[in-house]
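Chain naming follows the written order as A, B, C and D, and within any one chain the residues start at number 1.
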């Protein structure tokens, strides 16, 4: 069975695992207040070119989203996002469980534009009854998006400016950040991205770690008692080192970028295999997630030999599916898939 | 100034107030566990032709919505409603504050159709990832809707059947229920409506009371410790009699229906005054809320003499406004308005 | 049946009801944004001698407690109170339902002392693990307390100073404030009390109104979007006038104080009736709640003719009970009770 | 520096890490729905001698507590525990953040007795106002307790019976379960414990894993959509295998018990080292946590060479401290500490 189900189907990148093995016997204090976590944070700050940034490690994407959003929003505020956004659809209502509304806006190509946000804000502000409504307090986007699309530097700058104008904080879900930044289609660097938002996270789980997301507050303005709030939500690990060690490995010698670049290359080879054989794309993604449309017959045949996710069922009976690559995707695996097509 | 701002711009209907005056000195236990509340509940059961129904009094519409929804939903469930639904827009995120997502569906004419619910449910059930999503547990509708529209008996029956089929509870917000049921355009009676849902409320605040909504569980299956949960949300009055006495008056000698019928008649006269003078309607409402489109000049002129609500700003610069009638709207007031037009 | 069950067993004081009758037909905007509410707020500011105070009307005590506490506390904070405090025992977990812990401290005589708070704070601050604990953010007390006890000016001043020292806000539940301030045993005036806390409320429900509590922020620092948060908790009345009109009546010509003084006088007569006949007191209350210890025989006999609340069951089989007076308690009623003893 | 700070100061037991290394490249579905998690669950069922039990993996103790408690309690219920219980003190109000009150009872020796629970329940049921109070829905205990104490089979049986009698579910926090069950002072086996409660968890984080707790529902009655609720709280790992693999290793060839037994032996040697030198114990613990009282001089001297936690500051100036052993505590480390004393 060829696994393309997701970018979390294997364990950790060997160098990440090696670092866990090496540091296993070191005695350290708990809760992430150890020197290995400190070292990892420093490497992340260096990669962001932001020595004053605050960094906090959490275990997964949904957890990072709910901890950050609920820590930053005020009681009467909600979070704006694209209708296809992960927090709006696939997190079992995690944000609402913390008491806040997700204000989902129609999106184009799974992205939220500065114009859409500005138009929504103008309508909100003009509404004489808005004291009876949920106030928007934050904009949430993903880079890349659920459909593998990318915000350009111009788009992100416009969004950032719009957020400034309306007093909204801008939060970037970077569960697959490496796959976004390493895409040839991306014109943003990590330091640039970090300067165009209020908070973001660097995904580890989907980029070579066993678990772990590094939340970054570029301006060094992590909310007071952020760790206490994480604890309150069950998000603080006793052996916080587990997260620090992995990020230390990922941000040593550019491993994070190497993993990301490798996965993108495999994804492009995979896309070429489909396109060259005439398979239509559901979305033309420049990142590690590829979306292809299959006929029911193609679907049935492929499913016998490969694992992938059903993404959408089209009204004409065809099926949109997702193939995902990662650090563990080999050229041999792509070749084997190509043979199946 | 001619007041058409809402149906809560004056105090209570004189007969409601009279009953408060009459019973003022009677000594009674607190928290609604008194004989006046019991009498009012009996009258409501009789009006519903449901001797086994459970009835509980709350003070207002948003409160009724959040108390009922959060009492009935399970932890992982959300509530389906029309995108224009009150809980989705104008309750400051009250449902989300209790931890539950409002799943807003596109609506036609501010109503939610059985087909729309069924189609949504089929998509949800077919989605292989739905364990990571908010489960729909309830359908919320208003009769009449935010835009004064009415569900017909056929529409409500279809919705009720669809809810049964998919295991969804059906909740009807009846903040303006009298104005719905007394509309000549309505083919539903109270007993019929009560049999086509799992829980609904009979609005008092907007139909002649100072405050108060009567929540009805037609099948007599009010959730266990419902009063405790209301208390937990600050929704239990020490002098619960205040609500019982008012509903006792409203459901004596058909006062509730008389108030409603009167307001509908005034609303129809008001609509005629606009239509006969060529004012276009924003929505053709058969109930006590009327929606008219004004030019900026008309708007400015009218606003000097009448109070009404801005509903929507059209792209061509015209303004949709809302005029509302109630028990206190006199034919003289309508005539004075007509003169202004 | 002689009713001494509580101070909410009858309707409104006749002058309060009269004002509701008088203003019933005045057309006003909703949600408490009307001139009658504005007038009532001004009268309350005058009574507090604080022209810059913010005032907001809510319907009941539990509601006021949960709205104020959840609006003022930060995400990681809880509220300190006496173990016997209403929020700790008799509000069905309303504060916890908003996500905050009630930190109950042992109390003496149902009061919380400045020393107890200071000692608790010192232990908290000295605890090296306190980032894993709930931070205290507020002190909640009642004046008078659940057992009718009063804080003296010296006690309240000490508490206020302690709160300042440790960065705690001080919140006074004044559901029975009139009965506290009008007690001959009380050395505090309303203006003094208002200057010794951050927020308090003036109870209406138990002091002559049908419903209503006036929340006062003496420094004029009501949290931003307080009304939106109240709406979010179902605590905003459409006919907000209902609360304003009643407080307008209560704060016209000293009615609030007159009602309170009357109830205290009746309570003292009631206490004397018990004490002179040798009934032991469970607590020696100088306010409108009286606590007496009855033998089972006395209890059974009295219960046939009078309504009162069981407060505590003593280990020796005797029963502590509570008798409460209000504006509606007449000397005749006290005399009739005395005869029963 | 000799580390005795906690049982989470090193990484994973070498055999646990080895298993992570071995399985690293196996391709598996996400979210714990893989064959390695299934195998681990089977081994846990076998260890419990309960083939029908439900098992679910979570990452840490606070997370397990809040996910389990909030999934099992009904809206109006709270959880009873000892005043010293972890959920009452050291989880930053995590249970309250999910909306539920922690009802803390005075405890003896950090344990909750069946009698204390029964007495509390009788008082609650006899209280005529209990519909206005938080209903107890669950009893939470730890085995061993915060102070290393153990419930005997007789004590746990009595508690279990009392819970049955009053309709309370019994939940055992087993963050250190191995250290409890392997203590020579313990007369309970895992299968026996599993039959004397409704839900418990087997701690991995503190017993040799990097992270992970195995929640067990002995009767196979895990709440519906438990995984959805865990997701909603950010508690579901994408690479769920991380937890399954570790528990697979821990429950292969009795590793979990071997780790536990080793730590207990070291703890007893550590206790002997203190006691034989005349150091008084703060609590006489038969498990892997040891509590000793130090003079300020002893404290200062020891702190230079050893890491341990300050537990309590005694009024006479002395300091109670905690030393903890684990799989990684060697006899050499104990000997080195003994030398320091």
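Brief remarks follow.
Here is the rule we go by: contacts are C-beta pairs under 8 Å (C-beta built on N, C-alpha and C of every residue); 3 or more make two chains touch, one makes a residue touch a chain.
These numbers were taken from a predicted model, which means no experiment stands behind them.
Between the chain pairs A-B and A-C, more C-beta pairs are in contact across A-B.
Centroid distances built from C-alpha atoms place B farthest away from subunit D. For the pair subunit B and subunit C, the distance between mean C-alpha positions equals 33 Å. Distance between subunit A and subunit B, defined via averaged C-alpha coordinates, is recorded as 42 Å.
Rounded to whole angstrom units, the spacing between the C-alpha centres of subunit A and subunit C is 50. For subunit C, the set of residues that touch two or more other chains comprises 76, 91-93, 97, 99, 131-132, 228-229, 231-232. Against subunit B, in their complex, subunit C makes its touches with residues 1, 3, 5-6, 8-12, 14, 17, 20-21, 23-30, 58-67, 91-94, 97, 205-206, 210-211, 228-229, 231-239, 241-242, 307, 328. Residue ranges of subunit B in contact with subunit A, taken from their complex: 76, 78, 89-93, 96-102, 126, 128-129, 131-134, 309-310, 313. Those residues of subunit D that touch subunit B in the shared complex are 70-71, 74-76, 99, 131-132, 135, 225, 227-229, 231-232.
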